[in-house]
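Look at the two complexes coming up: subunit A is in both, with subunit B in one and subunit C in the other.
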Partner chain A sequence: MGFRVGSDWRAPIAELERLYAGYPQPEDGIPDFTVRLFAARPWRRWLRPAVTLGGDFVLPDAAPLPLAQGLLAAEMAMNLQMALGQRRYLLLHASAVERDGCAVLMTGLSGAGKSTLAALLGARGWRLMGDEFALVDPATGLVHAFPRLVSLKNAAIDVVRAALPEARFGPLLAGTPKGDIRHLVPDAEAVARMAEPAQPALILFPRFGFDAAERGLGPSEVFVRLTQASTNYVALGERGFEAMTRLVREVPARAIDYPDADSAIAQVETLWSAL
Partner chain B sequence: MAERLYRAVPADALRIVPLDDFTLIFHRPSGLSHLVTAPAPEILELLEQGPLTRAALLARLGERFELADASVEALDARLGELVATGLVEAA
Partner chain C sequence: MERAVSRDATLLVQALRDPTSVAALDAQGWTALIAMARAEQLIGTLAHRLDGVAMPAAAARILADARGSAIEQRRTAVWEAEAARRALAGVDTPVVLLKGTAYAAAGLAAGQGRSIGDLDILMPRRTLDVVERALLDAGWEWVKPDPYDDAYYRHSMHELPPLIHRERDRMIDVHHTILPLTARVTPDAEALIADSIALENGLRVLSPEDMICHAAAHLFADGDLAGGLRNLWDIHCLIGEFGVAGLVDRARRHGLSAAVARAARLAHALYATPVPERWRKLSYTDRLYRRRLLARDGWGRPTRRLTRFGFYLRSHWLRMPPAMLARHLWTKWRKGYRPV
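Coming up: the complex of A and B.
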């Protein structure tokens, strides 16, 4: 998956080049999606510069972001292209990690901890497949990786920095609409193996801020939750239906509540070893 | 006036996948998915054998699926939903 990013300013492009330095170019040299970061009025390039998101697919009423959050704007714009434009894969708004060829998918509302848990599992020997989108191939049922910058928010930033002291991070973006954000650069293994898909083996619905608990979910509840978590289920038509029914019938799913990251990691490892 | 008949849509218009207490139905003409529970799958199954009036349908449901307590109003409501979503045809 390749992106072409154009910008009225140099700074966001420089950040992207630095943070995605280890990433391969698209195989055929042709990007899949175009993103543009532009000033809605010419003077807004310099005067209180504000970044408006553009590209192949746009949300008409998306609010501009201050230039200091240009990297966030670029990431949001790239996610938007995937969310609205992806047709080959069933897209799940989920993080994914892999071990032994099998993947754990984690999805939930913003703040559920899917990015944090994926990053922390990545620090413990799992391969990070992605923190934002899991791509399910309707033809094979396999999950494909999309290991973009991991978006960490607020308290999760320090938790992950402590777990991954050697990792590379983007600048601290303070005061965004979602609070403080800092991007983690996926490790070399995540980038080197991004073309390797995995068999989905466990679907988790984590929820942060509750006493540790877990329960199994039936296929119909998983279907409802995953269609809500998919940005292109309807657009894919019957291929989406096939991919989704296969997933919910074949892959066990659990809802896990957790009070802190250590507790969640222990829950995931226990569930994994019981598979 | 002849009593209204309910009939199944052509079999290739639907993909029906039982999950648990719920059944998933993909409606090809609209591209929409429906998650339904009893008595909707039972209604579809009965109508696949041939068109039925509301009264006949209620009687068959009672015989086959022990839905004897289903009121006429409730069945009407479910039938209405199935017709509205295109999963059943009313003639």
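Coming up: the complex of A and C.
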């Protein structure tokens, strides 16, 4: 998946160039999607500059962001192209990590900790496949990686910085609509192996802020939760249904509650070794 | 190269008109072509046109996705038409499909790869109360919460306020004619329905000449030419498939001679549609239309703001008398609506 990003301002592009420096260019020089960051009114370029999200696919009423959050605007606009326009893969709003060719998918509401857990597992020898979208190929059932900048929010920022002292981070974006955000640059392995898909082996529904607990889920509940986590399940029609039911049938799923990151990591490792 | 090819949408029109022209494109040209086609809702049509043409692997993949997406949209649209047929089975007149769904249901060239959004149907005006009741009973709901908008539709427009189905999330526009009631031209709605053609499943579509008249009315006698390149492509395909026999007489009957002639001239100029000699030369005004139709750059951005704004004003001028227009625009402005 490649993107072309245009902007009325230099700063967001400079940030993207710096943080995505190690990434390959789009194949054949033809990106899958175009993203535009622009001033909705000419004076908004200079006077309290506000970044409106544009591109091939847009939501009509997306609120503009201040220029200081231009990087976030670019990331949101790229995610929007995937959520609204991507039709090759069944898209799950989930993070994914891989080990030995097998992937763990983690999905949940905002704040469930899917980005944080993916980053922390990445620090413990797992390959980070992505923190926002897992791409399921309807033809093979394999999960494809989409390792973009990992979006860490609020308290998670320091937790991950402590676990990955050597890693590169974007600037601290304070006071965004989702609180403080800081982006983690995926490590060299995640980037180098992004074209390698993995067999989905475990689906987790993590929930942060509760005593440690774990339960299995019936296939109907997994199905409903995953359709809610997919932005293009309906648009894919029968291919989407086939891919989704295959995932539900073949991959074990668990809901885990956790009070802190250490306990969550231990839960994931335990479930993994029991597979 | 990009600067040269993507100042306006000529690149897209050229690719639709002559698929082999894409052989000359570099990566930037392809990127511009794809962005324009998406912005003009023509990506599926383009993908269909370019099927089998040699191109870079990345472009081929994007267009293959677009073809798949168009097939899915088509299936959804035809299913939605069937849902409407079932919901309206108790109404004493059959459902006439319009625009994209009609092209898809009738298997026409204009439907190949076409993006299809809302379901548009035509019903006799006398049946509207029954139709509205039946749709509400079958799970459709109002989408226009604003009382001004609702009243505007009911008193002035050629359709009911849009309804959306609460489970399938699909919109239906119920038309009782093909132009607003306040427009200066009044097409013969009874003739549209009387001469419509039955499909196997009991749904109906307009006759070929009426399809062209409707597409031309939609493009030039209504609206501000948003999505104009796609609507003109519909006309190109319809004329290509059915020819123009009987078209002039039919257009005159609906008061749409000027719109149909302009559609034919522009379709010929942009897409090389085979039309009679008299429709092969653009007037000065036609050139303004062409300028507006092509107002899109290689980033998919709308361009030529002044031209666009001119056509926005014109669309309203055609739609309603001056005093009403002033009142309408003032009301919409106060509600915060900005056209460009």
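Rule of thumb we're sticking to: the second predicted complex is superposed on the first by the 275 of 275 C-alpha atoms of A that agree within 3 Å, B and C clash if a C-alpha of one lies under 4 Å from a C-alpha of the other, contacts with A are read in each partner's own complex, and residues count from 1 in each chain.
Please note the rule applied: contacts are C-beta pairs under 8 Å (C-beta built on N, C-alpha and C of every residue); 3 or more make two chains touch, one makes a residue touch a chain.
Since the structure is predicted, the reported quantities are computational estimates derived from the model, not experimental observations.
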Have a look at where A:R88 lands relative to subunit B and subunit C in the superposition and call it first, second, both or neither. second
Of the two partners subunit B and subunit C, which one touches more residues belonging to subunit A? C
Taking the superposition on A as described, I'd like to know which of subunit B and subunit C A:F241 touches: first, second, both or neither. first
With both complexes superposed on chain A, which partner does A:R4 reach: first (subunit B), second (subunit C), both or neither? second
Please work out whether A:R18 is in contact with subunit B alone, subunit C alone, both, or neither, and reply first, second, both or neither. neither
Figure out whether A:E27 sits in contact with subunit B (first) or subunit C (second), or with both, or with neither. second
Regarding the shared-chain residue A:K178, is it in contact with subunit B (first), subunit C (second), both, or neither? neither
Classify the contacts of A:R215 with the two partner chains as first (subunit B alone), second (subunit C alone), both, or neither. neither
Taking the contacts subunit A makes with subunit B in one complex and with subunit C in the other, which residues are shared? 237
The answer for subunit B against subunit A in the complex is residues 15, 17, 19-22, 24, 26, 28, 31-33, 35
Of subunit A, residues touching subunit B in the complex: 218-220, 223-224, 227, 233-234, 237-238, 241, 245, 248-249
The residues of subunit C that touch subunit A in their complex are 26-28, 30-31, 34-35, 38-39, 56-59, 61-62, 65-66, 68-69, 72, 75-76, 299-301
Taking the complex as given, what residues does subunit A use to touch subunit C? 2, 4, 6, 26-32, 34, 36, 54-57, 85, 87-88, 235-237, 239
